[in-house]
Amino acid sequence: MSTPPLEPAVVELAGITHRYGPTVALSDCRLSIAPGEVHGLVGENGSGKSTVVKLLSGIMRPTEGEVRVGGKAVDLRSPAAAQRHEIVTVFQETLVSDECSGLDNVFAGTDGIFRRARSGRAEREAAERVVASLGASPAILQSSPHHLSLAERQVLTLTRALVRPWKLLILDEATSALDLSTRDRLFAVLADHRREGRSVLFVSHRMDELEILIDRATVQRSGRTVGTVGKDEATPARLLSMMSGRSDAGEHHVRAGARSRQAADVVLRGVDLSLVAQAPAFDLDVRRGEILGIGGLDGQGGSHLVEVLAGVRPTASGRVEVDRDGSWTRVTGYRQAFRSGIAYVPGKRQEEGLFPSMTVGDNLSMATLPRHARAGLFRSSSVLTRVREEMTRLGVVPHDPSYPITGLSGGNAQKVLVGRWLAAEPDVLILNDPLRGVDLGTKRDFYALLRELTEAGTTVVMLSTEIEELLTCCDRVAVCQAERVFDVLEGEDLTYDAVLAAMFGRHVSDEQSSDEQSSDHDTHRKVTL
Amino acid sequence: MTAPSTPETSRAGWRRSALAVLLVGFVVLLTACGGLSADEDGDSASADEYTALGTGKPATEADTAALEDVPASARDAYAGFWHSTRLGPNPYADWKPSKAPWKFCYSSSYQGNTWRQEGLTVAEGIVDQLDEQGLVDGDMIVSDADNNASLQATQVNTMVQKGCDVVLVMQPPTVGLCNAFESAKDAGVLVVVMQTGTDCTNAIQSDFGSYFAGQTSAKWLVEKTGGEGTVVMCDGIPGVAAAEARQAGATQVFEEAGLTVEHITGEWTPSTIKSQMLQYLTTHPDDVAGVWDGGVCAVPVTEAFEQAGRDLPFVTGFEGACAWLANWKKTDKESIGFTQGAGQGVVEAFKVALRMLAGQQPELNTLLYPLPEINASNFDEFYKPEMTLSSGCNAQPLDGESVPSSYYDDLFSGGDEPATFESRLDQLPVK
Amino acid sequence: MSTTITHGDPSLAAASPPPPKRRTARASSVLVYLSPVAMFVVLTLTTPGVLSTTGVMSLLVLASVLGLAAVGQTWAVMIGGIDLSIPATIGMANVLVTTLYAEGWGFPRIVLLVVVVSLAIGTANGLLSSLFGLHPLVVTLGMASLVTGSVLVATDGNTGGDVPGFITDAVSPVGSVWGIGVPAAVILWLATLAVVLLVERRTVFGRRLYALGSNERAARLALVRPVVVRVVVYSVGALCASAAGVLLAGFSGGASVSIGDPYLFSTITAVVVGGTSLLGGAGTYARTVAGVLVTTMFTTLLVGLEIGPNMQQVMLGVAILLLITVYGRDRHVAQRL
Amino acid sequence: MSATVATPLLQTVARKVPYFVPALVAVAVMLLLTASESETFLSGGWKLVLVYASPLVLLAMAQAPVVLSGGGGLDLSVGPTAGLVSVVIAAVLIPRDLSVAWLVIVVALLTGAAAGAVNATLVTLVRIPPIIATLATYLVFAGLATQVLGAPTGFLPEWMSWFTSVDGVLPNVLYVILGVGLVWLLLTRTAYWRNLLMVGSNDRAAYTAGVNVTAVRFLAYLLTGVMAGVAGLVLTAVLGGADATVGPTYTLQAIAAVALGGLSLAGGRGGLFGAAVGAVLLFLIQNYLTLTEASSFELQMAYGVVLIVAIVANGAWDRKRKAR
């Protein structure tokens, strides 16, 4: 299926494998980028895209295999090294130093320790040219980034890449922080560069962008390279099916054991909710005993929504209310939410969840310890029994509370984290993408577990960026897009295509609506600037 | 467009240079350590009329010569002066004292303990008396530098600006204030340094004969121990001239007597002294013939011996603290010591200052005096029942002062009769 | 119900070995707890005199004072902070006890006052170091001079006074409690050790202490209140430091605001030698105790070998560097991306 | 954001105004107070004050680069380094009659650089947390200094008195301080300044941009060492001799001065000027309390209070500034 490039590749990944300890992030990855092409790199979350990017931008070195630039193997031991080989990268995270002017942020790293590569004027002119071509105001080069909008910050990092000499530009979800006009100007700029034989590796979730831009696309799935397809083949449907690994992506999809609940017995609700400043407001009901899936691409508001529901994040406007035996109590913060029976399982395990220096038992019992304590002194026996109970229920391996949490696989660590909150026996359990980068066995356990919980009357709200997951275990799915719930799907309408389409701001039903949406999508993007 | 020196190459570059600098650095550090052995060889740097400061070093010709010139009546007190001070002519030779009333100022390097407070109290008492005689202009300005040399220097300067005629400086650091003293002298202000030697030759120093005192107590210990066995010297703060001087005196005596000498570093701090002594005793099971006190040691050392369950050897005292007397009474073990309260020191400093204000010329820049001795014969006169093991006070000279005013007659010449005052040391609280 | 669950592939977890961090931790902890023994052997071999009841007891008395002073430093480090106000607190307690006792205050009253002041110091440290993420280094530094200054102002620098006899006995190596031939200071230390370890291992607070040091964001989400933990940590530290200060009064027979100064670096050293990483979240007071014993015997050894205080300092510095190279290295930037 | 609405004025001020201005204002106030206390202050008195403040000023400036370099950057060993330098001068060079100006200066700078290089290696290459690394070197340097120079000594070559002379229009030490400042100014004209700030405020951003983070930090510690060397030289001159026990007492003051000067201990914000201003402020406060004949006990209290208040204020000020 892959069409080999005619000229020798600008950059080539040959049989790259990369491991973090036990977990394999990338195995036998093959990717070759021809001069003057825009090469798409697509795949669901955790498919190894970001690993590829890190390898090419010199942040990591591969465990096996080699990176070739212009045909010869190179060692990209640092971002500086990558730039020496004229590979520049713009990341999704807008990496700027707030204490330096925009201009300094753009040119830092181009010069030696002391020697400046260019005069201040030369820098300003070069930078202003690029900034102007991206349609942003040159003022952003002078002011301190503290006060710039997300989009303006991203313009800085784009400029940083474009002012450097480059053969390959890597855009790692870089457009997700841009407003539409800037994005389009960027695409125009890239078009010119292509004519000069420069190439772009374009990593994006946004099908519309891919369609506009790419010549070829390489698809990654769970760490493996599925293949590379030419522009003609690279239709959304094709790519999606390659990403999901199913040929029937277009086909109507029904989930086993689906039950649509008529009972509008609402336990948690958001009223006139808007997640970030100026984002459109919406309402959302969570029904008692259901599993509500929250879908959407990274950075489209999904995680903001769950955080807001759990009281971890303040609402920009509107309110979240929980049903406390008949009366609506407003959720003001996560401590109060916890007292009202809402438990929140944070998303980023490492940053927000685990205590790396502590044991499995400690990690699991942290939130509920007081319940086993008299006068601050807990009865370790009763804590341990509870911990073991949860560990059995969740099937944590190894079944040893005194095991260091850092010794566990991602999946088991995640089980422990969930166990911490299950131990609190909440009415509503809110999970922030609990299954990201988790092995299949664990996933299966989870689906069953969640069912069990709902049987027992617990309500579950679960964020997932993997459509499969949402389909497999949710009663309803609210898809977030542009910082608001774009659509809530259930029953018949809850299909792979529907979810996928909604993620990209479309309704499967009518194609035209895509334009409407993208237009109001734009308006929203504009306001944030 | 990529420049010749990319970050990459420059990295290799800085690695190399970093290593180079590292090497050079270590070389320099090593030379520094080299100085360890080498700073013995003589200081030819000072060719002026003042002797060199030779802390912990043997006497030079210049030193012995200078000692010859000291009036015989005072020579004892000047023994081994080079350990703590520099001897030479009166730096204020062409200084014309102003007419009374005078403004007195008191610059202390630290006031945070009882000993220092006694000094200040006495000084204030004296100034009040002189005030009654109409010799004082305004209140005494007092400053305290909290052991910060440069701050004390500015404080001295401030006093000069505020029109002090006499600045009494309590235990300044050995170096660090000379510049301040110089500018004071230029401004016609008399600077008298009390209770410590100094490296500055532009101030008048009033101090007791540390070396001599060290010798005296050491001699007593040799006699008591019968000149054999091991004596432990409880040293003060390393590098502080006052401490080194008495230690030099004692060492000289012990070596002569052929005793084995071992050291602990007490740093004039009871808790340190006691832990050091305990650690010494635990590591040295064999008998100790005696302990020589370089300051503050007597009581904690005695406690250490008692608490380590060892029989108490002869332990000298030094500064004659009330606690030491109480300890002597309690253990009934004979000892020897001196009265060395800050008050006494201040009294002597005032005597010197007043003589110079009266136009008298000191023969030397440094005026040393012997300390009254406390021994078995006069113990009962010094001991008072109020004294306890934790008293902070000091024993005071029986006749109210370390030496009679006449002591200075040989050390000064010319001028008129100085103003007089009562030391009133006996009126200090005993607690 | 768990019967319905198909367990996650066990090979996965089994295949994943404990991470190196853990392994070194295990190895190091063995070393740490063996080192005092080894040190003692060395000490007895070089200076046989140590092998006597009083010999050991005097070592323990010295250790107990440092040990008490180091409680606060240990906990501060365990939550990723540091406490420079310990020496000042020691001086405060030391001076208050002696001066007030001389003024005829009853001992209980004095203790009450010291406790109150200590709590105030600890609370201030805790609150301030939670504010705008201020650096505990500067906060505690400021507190230190504030405390020392206040004490001097209050006493006019006349820091002398009386020491209650029983305190003097408490720190005497030949002292004994209830007929047991162990000085009260050592008993007090052991009691503190017991309580501190109990808190670390068996209390909700203890767990939260580790959680805060291990991962503040996660701790917040796990319902830990960082401010509360910090306040308690620094308060407990201040209390123990005060206890050390009181003992020092008996030990030195006198009083001085600066009596605590040596304990600034010696407490940090004890913590570091014990192998508690300054990165926070790990370690325990038990390790510090090992560190305290080692350093105490180390200095005793140097006194025995008549090595001067200067070279002692140098050797300590080098020792710290070697130990940290093993325990507490930072991550490279690339690992944080 | 609510802050923006509440006090837009204060915030705009906080944004516009350079970091060191609050400290500068405080200094101005202290100058007025001092002048009102001592009439001779403005007419020359200030020169001497500056001379005696200069070691602290230089050490605070020395502290700045490492603090700027971020990552918990801090050098506890600046004091002992300065002490070591003065000891090397007094105990190694002078006894050997190696007291030629250029040699002494070169050796002073080299010794400082060596000390700095040791810290740099420990922090950037071995990656020991700065506080511990420099605490250890604090002990080592201080120990070495006292070992090498037991008793204080006062013999100095004549030329060294140049540093303390106040006969000129300006006190000579000011030229030294300005000299260091000038060198730094030149440095800020090179790429290093931007590298340092990038690394200090966000080392991840700097690294991905291609800045050699390790090298930049290494140099920061080296610079600190060199400046500590200069401070050591001046310290020796101001003391009119060498005293191994004096140097270390400056360390904590220097850190306090840096905090007072408005530098963020988190790194990336500040500069040498602020550090110097902070040091001057610190010394003026002490000096003023002396003038008012407050006891050093009150001085210590005030010192503690000022320090805490200042850093809290800086913290709040900074938060305002950052608020979007």
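The first chain written gets the first letter, and so on, giving A, B, C and D; residue counts start at 1 in each chain.
We adopt the following convention: a contact is a pair of C-beta atoms (placed from the backbone, for glycine too) under 8 Å apart; a residue touches a chain by one contact, two chains touch by 3 or more.
As the structure is a computational prediction, the values presented were derived from the model and not from experiment.
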Which of A-C and A-D has more C-beta pairs touching across its chains: A-C
Identity of the chain that, by mean CA position, is farthest from chain D: A
Geometric centre distance via CA averages, chain D-chain A, whole Å: 45
Cα-centroid distance, chain C relative to chain D, in whole angstrom: 30
Shared interface positions of chain B, touching two or more other chains: 7, 10-11, 14, 111-112, 238
Touching two or more other chains - residues of chain A: 59, 78, 80, 83, 109, 111-113, 115, 117
For chain C, residues that touch 2 or more chains besides their own: 152, 156-157, 308-310, 334, 337
Contact set on chain D toward chain B in their complex: 38, 40-41, 45, 48-49, 51-53, 55-56, 84, 87-88, 91-92, 94-97, 99, 107, 110-111, 113-115, 117-118, 120-121, 144, 146-155, 164, 210-212, 214-215, 218-219, 222, 238-246, 249, 283, 286-287, 290-291, 293, 295-297, 299-300
Complex contact set, residues of chain C against chain A: 1-2, 4-10, 12-19, 21-22, 198, 202-205, 207-208, 210-211, 213-215, 217-219, 221-224, 281-282, 334, 337
Residues on chain B engaged by chain D in the complex (per definition of touch): 7, 10-11, 14, 18, 21-22, 24-26, 28-29, 31-36, 38-39, 41, 43-46, 52-53, 55-56, 110-112, 141-151, 153-155, 157-158, 161-162, 173-179, 183, 199-200, 237-241, 244
Residue numbers on chain A that touch chain D, as the complex places them: 57, 59, 78-80, 83, 89, 91, 95-100, 104-105, 107-117, 144, 146-147, 160, 277
Residue ranges of chain D in contact with chain A within the complex: 1, 15, 187, 190-192, 194-195, 197-198, 200-202, 204-212, 215-216, 219, 268-269, 321-322, 324
